[in-house]
Amino acid sequence: MSDTTRPTDQGPTDQGPTDQIKTVTNPAGMVQSAASQEYTSIEHLILRVVMKVLFAPIIVFALYVQFHGDYGPGGGFQAGVIFAVAFILHALIFGLEATKKALPQGWLSVLMVVGVLLYAGTGVANMLLGGHLLDYDTIDPQSTHHAGQHYGILIVEFGVGVAVASTMLMIFYQFASREPEISDEEW
Amino acid sequence: MENDTVTLAEAATLAIDLSLLTLLFLVAYQMLKSRHLFAVVMLSGIYSLLSALFFVSLDAVDVAFTEAAVGAGISTVLMLAGMLLTARREKPLMPGRAPVAILVVFLVGAALMYATLDMPAFGDATAPANAYVGLQYIERTPNEIAVPNIVTAVLASYRGFDTLGETMVIFTAGVAVMLLLGAGSIKGGRQVKDVSDDGEAQQ
Amino acid sequence: MDILQFIADRYNYWVVIVLMMLGLYTVISRGNLVKKIIGLNIFQTSVFIYYISIGKIRGGTAPIYVPGDMEARTDHGDDHGSGHGAAHGEDVHAIHGEPANAMADAVKANASSGHETVASTASLHAEPTHHAGASNSLETDIAFNAEGSAAADPHGASEGGVVLGEVIYSNPLPHVLILTAIVVGVATTAVGLALAVRIREAYGTIEEDELEAADNIAEFGTEDPREAAAGAAA
Amino acid sequence: MWDLIRDILSWALILIGSAALVIGAIGLVRFPDFYTRMHAAGVTDTAGAELIVFGLMLQAPSWIVVAKLAFISFFLFLTSPVATHAVAHAAWVVGVRPMLGPDLKREGDD
């Protein structure tokens, strides 16, 4: 075992315990470390069942927070984070590979751009409609109840939500798909 | 207490605020003391939830919501992942570091404490921060935006450009993490071996 | 008693400063990079609490219009009684129509308010009621439609115990700033952690002094560069 | 009349819930080993939070608030025991074993 965090040991493990870290594709295994292999089939049974019950409500709640942000606490930032949390929970319990099948990493990098472009594009569209940047009243100039502002805020918040959710998930994917070099005895 | 009427509700709020702040202090102190990084990360989740509770007490429901979702949901998981990839334990404090740090910290703290003597009172409606721009938002939102949640109106409309910038910062941070950890592969990089030669050289 | 009042008015800021000192101490004194990032988070949260504390208004509520209040505050919401519309609309209109004037007023008021704050702090022990008095005069001028006018207001119909159009809301601006700052904070924390992870992979440690020693060994072949310099000179 | 009953009932629920949480906190400090502490925290946490939410439900001004509180209570009922289970299970997998018999009287484990 060449790899420790002892102060005397300067070098990283290059060709160290490759046999030791072979099964850490599952972040749940990472977090609940030292799980013996024979457990894994039934180990997370309760967590899996509850996760299946909870996953859809969390997504629905995220959507509620996203689109109810005009009327109550909430908005794109919170909704994006909650949406990301649902998938992070999924990854923690079912493993990162399963989550990546459900929501591929390539989509995320596209969605990150789409979110920001949705926001910026709304602003540019307002300019093209003859107003200032992000002057939502140009969307519906005739409205007496500021319908343009409502539409603008909804679109922009949606852009924020998409950008935040995909960025947070992307960051999580990047961290979780790395293999820890530290042996479990360090705990 | 002659002139100002302290109601029961205000006294209760004061008690709740004080207990929350005490808990915040204790948790922060324990985070400073503990060398077990797993415990520190868990405590940071508790710290976030406590501060979210305190935000509710200060009427900032949107902020509390965000802090609870981010602090308990994302931040803790990311820190956990970061900790798993780096180190589980912190080394003991180097002797000689603490006195300098204490000196700097107490100087800064004393200066800030001195500055609070001139601060407007807590909850003062006429404080410069509250009387002008903030009040304008409250007065104008019904006429100009017509959205019940003033925070959303200010966030997405009045200060929409600001929020665009914030979104860009988040996007940039995501790209930075991708570049640092993803190793250029859209399929998700595995462990990178490009540094092992240097590691050998250092030994 | 005024000492107590003084403390009650500021205890929030002091606790926030103590939290900030804890965070700063963690950042400076601890050598572990992850611990430094966590210290930075403590610091950051204390700044958040400080901002939100400033925005709190005594007796206020969360900055979301209570049902019916938004309509009561609009100019064109004539269905809520023209009397109120006139009384209230005038006020908004003055701000709305002549921003330059409003700005000038604001600056004037700002100057006087700053003056009064200093005065009230200076004379706090001598005259405990001064601050409240100063606050009240300002309040009736600019901060709120005077409480007294609520009685004369034909719209003074209260719904569920609140007088519409007169509800006090906490300042929404700090909330907006901090809300975005929290999410940006976690994104930047992730960047910091990613850097720490890469450093760990390159050096095998994230302790500051060991990193420095490793750099020195790589550059000079010894942990102490001064030794190497002395050796080279000799 | 209904108001009075409602107030008494909701206050009773809230106070019992708070008492449960306080008792749980005391148990968390006083109990000797990990599993008994987990037991104290887990059981009273679920019960106390549920009771407080029920008490709040009786005070709710409108049905929509009742519905929201019902959702909260449902999710608390689902997640709180599961969290306790996950923590206890993780401890078991890592190798923490419950104290048994005369050991239970001592402070500190293993």
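In order of appearance the chains are A, B, C and D, and numbering begins at 1 in each one.
Throughout what follows, contacts are C-beta pairs under 8 Å (C-beta built on N, C-alpha and C of every residue); 3 or more make two chains touch, one makes a residue touch a chain.
The structure displayed is predicted, hence computed values, not measured ones.
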Q: Would you pick out the chains that touch chain C and also touch chain D?
A: A
Q) Any idea which two chains share the most contacting C-beta pairs? A) B-C
Q) Just by CA atoms, which chain is the most central one? A) B
Q. Centre-to-centre on C-alpha atoms, which chain is most distant from chain D?
A. C
Q) At what distance in angstrom does the C-alpha mean of chain B lie from that of chain A? A) 19
Q) CA centre of chain A versus CA centre of chain D: separation in Å? A) 30
Q | Between chain C and chain B, distance of the C-alpha-averaged centres to the nearest whole Å | A | 12
Q | Two or more partner chains touched - positions in chain D | A | none
Q: Going through chain A residue by residue, note those that touch at least 2 other chains and give them in order.
A: 5, 7, 10-12, 71-73, 75, 77, 81, 164, 167-168, 171, 174-175, 178, 181, 187
Q: Send over the residues of chain C in touch with two or more other chains.
A: 62, 64, 76, 179-180, 182-183, 186-187, 190, 193-194, 197, 200-205, 207, 214, 217
Q) When you check every pair of chains, which ones turn out to touch? A) A-B, A-C, A-D, B-C
**Q.** chain D-facing residues of chain A, complex
**A.** 32-36, 39, 43, 46-47, 50, 53-54, 57, 187
Q) For chain B, which residues count as touching chain C in their complex? A) 1-4, 14, 17-18, 21, 24-25, 28-29, 31-32, 37, 40-41, 44, 47-48, 51, 54-55, 58-63, 66-67, 70-71, 74-75, 78-79, 81-83, 85-87, 90-91, 93-94, 97-98, 100-102, 104-106, 108-109, 112-113, 116-143, 146, 148-151, 154-155, 159, 162-163, 166, 169-170, 173-174, 176-177, 180-181, 191-192, 195, 198-199, 201-202
Q: Quick one: which bits of chain C touch chain A in the complex? Just the residue numbers, please.
A: 62, 64, 76, 179-180, 182-183, 186-187, 190, 193-194, 197, 200-205, 207, 210, 214, 217
**Q.** Of chain A, residues touching chain B in the complex
**A.** 5, 7, 10-12, 14-15, 27, 30-31, 65, 69-78, 81-82, 84-85, 88, 92, 100, 105-106, 109, 112-113, 115-116, 119-120, 123, 133-134, 136, 145-146, 149-150, 152-153, 156-157, 159-160, 163-164, 166-168, 170-182, 186-187
Q | Touching residues on chain D, where the partner in the complex is chain A | A | 75, 78-79, 82, 85-86, 89-90, 93-95
